[in-house]
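Notes for the one structure printed next.
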Amino acid sequence: MKKAQRRLKLAPVISMAAIGMLLAGCSGGADPNDPNASGGAAAQVGQADGVVDIYGPVTGLEAELLEKSWAKWSEENGIKIRYTGDKNFESQIGIKVQGGDTPDLAVFPQPGLLQATVAQGKVQQLPEAVQSQLQNNWSEDWQNYGKVDGVQYGVPLMASVKGYIWYSPKQFEQWGVSVPQTWDEMTALGAEISKKTDEPAWCAGFASGEASGWPGTDWIEDAVLRQSGPEAYDKWVAGELEFTSPEIASAFDSVGKILLDPEQVNAGYGDVKSINATAFGDVGTAVAKGTCPLTHQASFLEGYVLDSKNADGEKATVAPDGDVWAFVAPPVKADDPVSIVGGGEFVAAFSNDEETAKVQEYLASADWANSRVSLGGVISANSGLDPANASSDLLRSAVELLQDPNTTFRFDGSDLMPKSVGSDSFWKGLVDWIDGKPTKEVLENIQSGYDS
Amino acid sequence: MSEFFQWLAGVPPLIQVPVVLLAFAILIGAILGFVEVATNGGRAFTVVRFLAAVVVPVAILLVLGLYNSVMWVAALAAVLGAVLFFVDRRSRSGAGSLLQLSGFLAPAMLLLAIGLIYPTIRTAISAFMANDGSGFVGLGNFRWVFTSPDGLTALLNTLIWVLVAPVVSTIIGLAYAVFIDKSRGEKYFKLLVFMPMAISFVGASIIFKFFYDVRQGDQIGVLNAIITAFGAKPVDWLGLEPWNTLFLVVILIWTQAGFAMVILSAAIKGVPAEQLEAAALDGASPWQRFANVTLPGIRSTVIVVLTTISIASLKVFDIVSSMTGGRSDTTVLAYEMVRQFQLGARTGYSSALAVILFILVLPIIIYNVRQHKKQGVMR
Amino acid sequence: MSTVGESSRRLMAATERTSGKLRKATTSRGATIAAFIIAAVWTIPTFGLFVSSFRQADDIKTSGWWTALSNPSFTLDNYAQAFASGDSLPLSKAFLNSLVITIPAAVVPILIASLAAYAFAWINFKGRNTLFVLVFALQIVPIQMALVPLLQLFSDGVKIGGLYILPGLGVNGLDGAYAKVWIAHTIFALPLAIFMLHNFISEIPDEVIEAARVDGAGHGKIFSKIVLPLTMPAIASFGIFQFLWVWNDLLVATVFTSGGELPITKALQDLSGTYGQSWELLTAGAFISMIIPLAVFFALQRFFVRGLLAGATKG
């Protein structure tokens, strides 16, 4: 027994490791001749079986509205659309694509993520029919966000306008203050309100699980676009203008005058550091209640406000004369053109069957944009969208802003940067910044995201 | 097999359960039936063994459903099976013993090989490759872990988790199990501490929001409500370095104490009553009875519980992910591993972090092996 | 070796006696108070969640749950909304999916692991200890690292030089297919299950196994007629934990299922909305999803009392 043990002690281990090795060397991977892998552009992927699977980051109530928005079309055209929403879409899509389990269509919340996914080689180019629909309905800028290396993959879906400052018209009246016309006036306004109420004027919430810090990126982007102009903004987003450059540093300083000032933040929640501990969505409740006079957040905050109660315990309203209203963060000089930063979703295909293309074409159409927008809560940059369909005053003004040719529109920069910066070091940097790290060090850390 | 699963998908979900369990039972039954007769002598059983060694692999491959390579693979399987058969015949422990062993071990080992060993090998390889997989970088990724603030923080925090959580949960679980042992309503007492295990983490993260939440004015977090009642300013518990990691560890302790309690309570009931009685007659105090009789009696179970919770602590991910997202230096190795992989697409870094996790578990393994040897379990 | 037998014999004797009230409780007053404190501390968080689940959304977000005790204002809105939500994945459907996923994913790995654990405990073979340590070590493999390779395997299979030795499962995107998630859970459960069950199975007294052998039983019969029945309580109690882990899992399920097969944890997560704005609904959802685990705990609790004896005593 002993002798034998010595002789072959490792045999089972070796054979098990061998199976593992064999697999390590040989499994997976796309092979053009492979019957069940999705290979080159010529191969047929997916089948016209009357069902199109869509996978996206939209969940809960918003997902139900999405399903409602295409229900009628789906019935008329005999194509069943099966939508799966996933909060962890951003991390899961990579696993699904690498694992070879792709949906027919996927809704990408960021062009950067679309770009990274295209690099994995499974995304289909946009079919001809969809191209024409796209060109009819979308501005060139919006088309370009769905392009990777000059090839069109994604079709824009919904949009959001960032950089709204939320306030209470009633409180403004009570304090005798008005909507600021310049950035400096806005900073001064906060100080004035703080003085009058002896409480901080601004509130902010950066907590968002793994994505903590993102609400701060919107702040910085607004400041960069307004202070240094669209050209500098584009260069910054493209990585040509470094985070450590004076333009970006000054944007941080301007925002810091508000967010790092213990006199001005964090209304209703605590000190500066409490920004990191406050969930970004909770801010809506404080705004509705009036405990937070000013906050910076995208148009979607309206939904949170409407879900909350005002100081009198009634349902809060969002209107120019309601409990809450919002203005777009003002430019540096009063006569500068209106600049807004916004975001949006893009739908790209992994299958190239006929039905998938039909669904994608429909989603690019003005019909769908009108259908979804009239269900409420969102807007779209689709030029065929009738602003009257927007569900609220605020959204209507946002649509008009998007459709106004004089508006300088720029896409959310952090969504366009490489993931290691836009979805990582930028977010983290802002959290550290709020925690008290010096701006210079923070900027260096963010910039270092490009090096890996 | 794929045909079976494809067919199964068409069956109503609730019917799928008995069907798949029945299919599985038949499979296990066949394996057990075979291993029962495998070592028998005589020509008939030799034939059975031969069939098992050669026909089974071929049949499995055919059942699995093949595309372009039926004949080749079947031939390969037949050859391998024949080799297995002859090796088995000459086996020192008698013909059939090797096949018998395969019957017991093969299902688990095959699944482990494809599902865990292969990814482990892949991870180990990419730990030494550049982040984009382009080339060999030696120990570069490990150097990154030990020099970057994120990597170091993750490592240190993981050590805190693995040092605190297992010991505290086991002590609390054990104490509770001893205290309620044989008490009236023991069943319900157990349920109270077991309950955290039944709550999915999606719910648990909300539970602890009601604990650690911070704001001005009316608090919705219990901790701040207590301290503000005494006139203190609200504290951002999860941003409070360096204690915030411990506040997160508390959550794991809360869930794992129930595990420890249930297992240890059952073990305590196995401690021979007459020993306790003898000790009591000798005038031993309750504490002495516990320390000298109960504790030695449940020693191996305590080790199992400690080991299991230690591994859970090393792998902790979702608590950090949903409570803080790694902010304020709360990141841990498993969280950092996923973060580097998903957000930064840095496969090299994330694999290096995974390899460090493997290395951290070594002391636990070595300790367990030595315990096992001491107790003569591994005969 | 003889100590094992001895302790086991003692243990069996003790088992018979514990059913009678021979043992004096070791509890003192201090211990009772300590037990009450632990029970309270452990229950308060869940209790807070429970109270919150009956409060209105706005109340939950603006005042502490304890204020509801002095100033009660309760509603079933959260439960109603939780049940009403999710067009594509209603809570009831997700609940059913969880059952369909969890039952096989708890039973299958435990049986496979008990086969392996038996081999490690009662069959002498070369390299046994080394192999056992390897299986033990696999516990630490982070699941996140294994997701992509396993999904690739399910989708594309394994092939060597253009030849498939294992084809893909071919169930991607197929409605009603749970195969991927069953197999994935089975694999991920094995290392811990083998480790735990080995601990139980190896402590069956030698004499019992020897006697069966002398009677002419082979390993197949010993396993099914002696080992399984003897360790059933231990297996069942480990089964409860495996059941809970699978029931509460979100990660494996979202990777290995899609659309209509997603479990309750996924439905729960969706409840809070894209931006997490409706997190108050999670309070109700968490309790809905707890029903089955608690029922299972109660149903199998007798095993905890009688159970795990084989793995219990070692001097």
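The chains carry the letters A, B and C, assigned in the order they are written, with residues numbered from 1 in each.
Note that in this section a residue touches a chain if its C-beta (ideal position, glycine included) is under 8 Å from a C-beta of that chain, and two chains touch if they have at least 3 such contacts.
Here the structure is a predicted model, which means the values were calculated and not measured.
> Using C-alpha centres only, name the chain that sits farthest from subunit C.
Result for max centroid distance from subunit C is chain A.
> Considering A-B alongside A-C, which chain pair is linked by more C-beta pairs in contact?
Top pair by contacting C-beta pairs is A-C.
> How many angstrom lie between the centres of subunit B and subunit C, each centre taken as the mean Cα position?
It comes to 10 Å between the two C-alpha centres.
> Measure off the straight-line distance from the CA centroid of subunit A to the CA centroid of subunit B, and report it in whole Å.
Chain centroid spacing, subunit A to subunit B, equals 36 Å.
> Tell me, which residues of subunit C touch at least two other chains?
In subunit C, 61-62, 124-125, 128, 148-150, 153, 158-159, 162, 167-168, 170, 269, 279 touch at least two other chains.
> Which positions in subunit B touch two or more other chains at once?
In subunit B, 67-68, 105, 109, 112, 114, 117-118, 120, 122, 338 touch at least two other chains.
> Can you list the subunit A residues in contact with two or more other chains?
In subunit A, 4, 12, 16, 23, 27, 36, 208 touch at least two other chains.
> Contact residues on subunit B for subunit A in the complex?
67-68, 92, 105, 109-110, 112-114, 117-118, 120-122, 125, 131, 214-217, 233-234, 236, 238-239, 321-322, 324-328, 338-339, 342-346, 349
> Quick one: which bits of subunit A touch subunit B in the complex? Just the residue numbers, please.
Per the stated touch rule, the residues are 4, 12, 16-17, 19-21, 23-24, 27, 35-36, 90-91, 94, 116, 207-213, 267-271, 273-274, 276-278, 291, 419-420, 423-424, 428, 431, 435, 449, 452.
> Would you mind writing out the residues of subunit A in touch with subunit C in their complex?
Subunit A residues touching subunit C: 1, 4-5, 7-13, 16, 22-23, 26-31, 33-34, 36-37, 53, 55, 57-64, 67-68, 82-88, 92, 95-96, 98-101, 103, 208, 279-282, 284-285, 289, 300, 303-304, 307-309.
> Can you tell me which positions in subunit C touch subunit A when the two form their complex?
57-58, 61-62, 85-89, 124-128, 130-131, 134, 147-162, 167-168, 170, 172-173, 254-255, 258-260, 262, 266, 269-279
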